[in-house]
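Can you keep this structure in mind? I'll have questions shortly.
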């Protein structure tokens, strides 16, 4: 039931064409679905600057293009994650403005990129193998309207490289720290800065790293305050949450 | 090496009393420890409004009182978590202004409570058994200068109770969602609001809940964007991170 | 917003006292909470013959009595599970009609027991140590208006005892099969009957039974069709689901 | 020993051709196998409307066709699950009436489809990736004589879509709820309806979803009553159990 | 239906007092339960020299005494395992001949001990902490009519002690090897002898021994042929299986 | 040092050609290696009727042929397990008498098969998918000089098929029970017979079977006495242990 | 057979008193046990400066005193680990020179302490809760003749404290790094020094630390080279290995 | 800031060209990065005899060659681990002196091999399947300037082969023990020698070996003192740590 339909219903009632009981029933059975839907829609509208996201893994190139086409009709920004090169080619063929971020395994389609917020998000990673996950976080945050600054290869085994970035880290609004193996980077960073640190464990490692479990557990058990964690390899989730926080930082309290 | 000592060293060098080599060596060997320490100290000063935290579990009442006394000399706010009633009695005997939050298992000692920030943090929990963890988050956030509003018993099995809080949830700057058992609450909330949701799994449950692992995994695998997770039962960690985010929201970008 | 309040709102609108916009907003903002609540309430009314359930573990005797008192005002049947003897004493002191099922660790308060359905639920268990969980299932089903018939000690290591019950098993509408250790009982039963088998793993066992995980996994991997599983030691959940199914069997399709 | 053979034995005994001892031994050693077999056979006959099921995975197309051919001689309905396209081609080549349900990875061979029962089974899933498992459940239930209605993409992160289906969900006799990732859907549904909910965790997800373990644990720990669980990706098992329950609902108590 | 009853039935049939149909039905419906029971009973009779076993853990002293009393009426040998001192006192008070094996946490009641078989079972353990489990195996085997010889403290870290026992080990019919921590003893022994080795992991150890899982996994993965494994701490199971094997060795093939 | 060499050494000493010290040192430093080796050799000789075993997985066809050739020079029986068809072809090309057991994934090379022992080993499995593991056990036992009788598809979900084999099962000297999924077969068998049951979990199953862990745990937790367990899919290990036990049964105590 | 006995045997042979065959058999049957034993004994003698170690946990005070008394007769240094205060009192009552290291939960009995080696072992820990494990390592190393220097509370969340110790860390021969929670300390240290780092995970932590597993996995997955790991809480093992390494460093290559 | 730049800064200050405040700020903000870097550099210089290491897995041949080329400019020794044949060909094409260790999956580029230390490192493994990991350890240690001696196939199931190597094992400075399956080898070795044993679990095995977890747990739980452990299959880590220890042994205490 759309707002228009609801208004008509009420007018029919006022005009005596339908009994009160019928109006009540309509609102009792429908609203959760339809008014509720409208309500969430409004709520969606409040955040419609944010791009819709398509998870590409397990979908065919055709399916991805089809969903992207539908989204394009309603949204200025589309983000597709976890894609293969084949997905990327199909999307770029369809959308001239589509941009393939190959390291991040993402495609973005931005009719008019969002203006960037004042502060920046720092995306750091421990090793070069963690780069794809870090880039997924960075691209996600960028398409959502954030400035992102990157630093890589600042693992805890070479502490001087971490410390060399200290001033820069302290100026970020929020830090996304990506690490595999023993996952110690977020703890070290959170001990050095006062801003939120979002930790992303990666499945990088071998033997008893168990596909990222070792890093995940380390991050959950961080002895430093201010660390929250997302799923293994979930760069998108970290970039999304970082954007939410940076948005609060930049736009202030409403 | 303090700044004063460094200045004296330089003056001695300018006065020709010591050779250049000696100055260089002093800065090369010492700085990591001492200048580095000073630097972190400055950085600590930037956030010194935040209370120091004592983890009470496994410490004797005497030890807790002793550490609290030392902190009291330098800080206006002390937070002690994971305490027993015995800890609380010992602290209240020593500090007249100590306040025992028995449900949260915390004691706070605030010589002059911090002024509260404009926005608020919502702390919600699924069941009454999750209350101690939720309260730990709430008390932590409050002593760090945040307004906290609470809602309890809004588990996903009674969705109407969750939906009844929708407007309120959307006005919060950040949500701390505490849940045991199947840990579905954060996913439901993050689907309804656009603010960051910090999920806290609790060890509540039995059988295959494995002391909170079921809830932890559910939260890490949330299908809703914007959820980050802390360790099982780590109300303190969630309250601390929520305060960092709310601080960004309220104070804007610097 | 109750149905009464909604009716008043509509009448005020028809009487021209409030504009259409106000009616629409009331339905748009409130329904999820209030009409939604009413709706679920109605829906609850449809099944209000079912007793409310209090999970006693981790609650003080006073808390349990207080919740039970509130429920008593609205419901004719109260079930309290996972209680200690102390809980039982407090409840029986307050409610003369309270009945303590000590083996099942439950108390039931039935002002007027529900009439029993025609068919019966079979509750069987493998060993005497599984009895408390089996009894929790049986008591739960009984208070919800079901006839329950019990058989114990029919573990797979003494197959003749299981086979001796074959005819009886085939006459049940639904079977709750409770087993610890290797948890093979539900597979054996589901191979012999055509009715649904609800499997309840128990934490009985030692060594590599891992508190019921061995039995849980065995039940999930049953090679016999028609087995569904509840959480370890969750007699209540099995009894509840069995009652739902028996209710369908007895009352037919509506 | 068939009934005929048993009768002959008895007549030989009455005619004095064989001693009592020989009759007794025949019944003591054989019956478990042969009479027992007959008994189970009879019992099988009681449910022979149900199709036999062939698990295709790990079998060659030739093997599957061979087993299906044997079954065809005795049964009017054959269900083959977990097949590849190659299996499907081989079966359709052999059986003209074979139907390939490609999404469900099943083939059904129905000489004369069973009449459908009055009520319906609702098969719902959280995401499009869960569709193959949901379809396996739906096809299984359909071939066993049930009407199945489907809803997809009603995950908990978009609650309005779930609520929009509320009335429909409440009319189903039994609900099969299929979900991967955090597996919260069954809990939400069981809180909204009074019918049995059979939860099917899927292996969909990444990182700490551990091939469906996260969803499985969430479902086992559901805070809502009335949820029972089958193995990860076990759509067949859920469809089978749902059919058993719907059969009880439709045919009433016998 | 006992053999006597079956004979009477047949005689009534031969005498023309009951029709053939009635005889057939009696054998068709009853045998699984009654003849089947008789059959297993006979089969039980074949091994009735073996003592019945009561698992004491989780039973009250009264329950244990009651079960033991019932068994005493039919059996000459009773074994009670996993008992406390309280169980032992209650049993010895009731049965003058009861013997308390305190290290093994067992009580045996033997009216006339079984004659001992010719060969012997070697029960060896790695450390003194493994002794209770080893003794449970030894006592179990002894009460079942086996000679048991023991060796302790022959862990792999002091190989010379193991090798010093080589000749003795090679003379045993079967070896029960009990070990906690890294559980390497059975592998070493199975490499030195040609007889079956039954490995018993114990929960002895700390840290990453995980209550015996480390030892259990080591034993399952033994690189030496001829090792089979029982559950963690399951001395009884090992002693029982060892007795079955020794019985075969001593009594030869039947 | 061979026995011959040792004798020569002693003679040289008696002849005064070498000092006592040299003899002592030779025995002190060498024996662990050489006499020890000789001793093990002797001990090996005692069981040299047993074929040497080559684990084929991970070795090239050339390597397997080369090892087999070396073994052929000293042994009359060679067993190669876990082979591919390619291994088999290479072995059969080299050895005319080589026999490829394709289902068991084994090759045997028997110059003169061992005479078969009197009793037999029963190898049973629950489902057709368990056949390769069961055949590996059977072929292993056969090449070691045992008569093996097989039964397949006697899973616990169709109990009448198991019971039909009861008499046969009771006549076996030892039973190898192979099962995947819920792994209940060994428990059922051990409750019916008095002979040792060696349980082999297989990696057959899906979802929460975890590659055989569910079956492994079920078997370790068997409620029936007399079950011992080998590693997942370890048909060879079970066949080897069964042969050791059957050897004891047939040859009696020495 | 001791060396003396072997010599006598040879002389008897040379004197013609015993045949060659008897000498050969003596060496063939005995050496593994006795010469082997002697050999290991000699080898033991080479390291007899090292104290024998008694693991106190699970032993009664009387047992510990008895074993310590036996050891005292042959050794100048006795180390008892994992003791309670009761153990300590019993030992100090018996041995005047016994020293109770209460934090380390050890007792040492040194008739004449070993001379200390030149270099030193650094024992560092992350938090005060890790101190008991660190002290166990330190006391173990000290009683074995090493100088030990300690540093505590240098966790990675306060990096400046770690860096302040850099020069000292680089001078140590070997570092024992003790840490719970996320276990990142050894990685940080191994990145800063070139000496071996022995990592000891502790069971300190809560929630998803799983009794030290999080720290253990982090240490095994260290991205820094030169880290080896011992069991959770195994301070003794780390101290022992550190002493072996320091012994090599100090005494040079032999 | 390099030492040269620091010197210039000081001279400018002495010459009165810049104020003291500027010098202090330069040292306060920069040193952590630059002087700190220099410091670590110096510290690196102390150990620059050690080759840099490139982890090849997951890198393209081009990337590996590029990194190797950069390292070649500054270092005389380059080690590349976990390579494919393709990596090796690319490296050998670029560097004439590159050496491909195919079994170890390594390439070394040594302009002038390091002089070998006096003592040797023993690298032993249990089975031929463990060879690649053992060789990775051996090649790592060799390129770092150590003499390595190897022994293979000395698993605990054939103890005489282990004992035959006893004298040799006791002469090594440090032992790297590589084993899969039940991982018992390090325990056996550590019981026989007094030198440090570095245990490397391998992923060799099947069933419940869980990719090396069984061996890893066994090694962590070793009952023999002096065993430390590295990650599963981490031959490089073991060789590196062994080299550090052998370096201490050979070069003595500094």
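In this document, chain identifiers A, B, C, D, E, F, G and H correspond to the written order of the chains, with residue numbering beginning at 1 in each.
Note that in this section contacts are C-beta pairs under 8 Å (C-beta built on N, C-alpha and C of every residue); 3 or more make two chains touch, one makes a residue touch a chain.
Computed from a predicted model, the values in this text were never measured in an experiment.
Between the contact lists of subunit D and subunit E, the overlap consists of C, F.
Computed from the mean C-alpha positions, the centre of subunit F lies at a distance of 40 Å from the centre of subunit G. Taking each chain's centre as the mean of its C-alpha atoms, subunit D lies 56 Å from subunit H. Touching two or more other chains at once are residues 29, 32, 36, 39-40, 158-159, 163, 166, 192, 207-209, 213, 216, 220-221, 225, 231-232 of subunit E. Listed by chain label, the pairs that touch are A-B, A-C, A-D, A-G, A-H, B-C, B-D, B-G, B-H, C-D, C-E, C-F, D-E, D-F, E-F, E-G, E-H, F-G, F-H, G-H.
Subunit C meets subunit F in the complex at residues 126-127, 155-159, 163, 181-184, 187-188, 190-192, 205, 207-210, 213-215, 217-225.
Of all residues in subunit E, only 128-129, 158-160, 163-167, 204, 206-209 touch subunit G in the complex they form.
Touching subunit A in their complex are the following residues of subunit B: 36, 39-40, 43, 46-47, 50, 53, 117-119, 170, 173-174, 192, 194-196, 198, 216, 220-221, 225-232, 236-238, 240-241, 244-246, 248-250, 252-253. Chain contact summary for the complex, subunit C toward subunit A: residues 3, 6-7, 10-11, 13-14, 20, 23-24, 27-29, 31-32, 35-36, 38-39. Within the complex formed with subunit G, the residues of subunit B that make contact are 29, 32-34, 36-37, 39-40, 57-58, 201, 203, 212-213, 216, 231-234.
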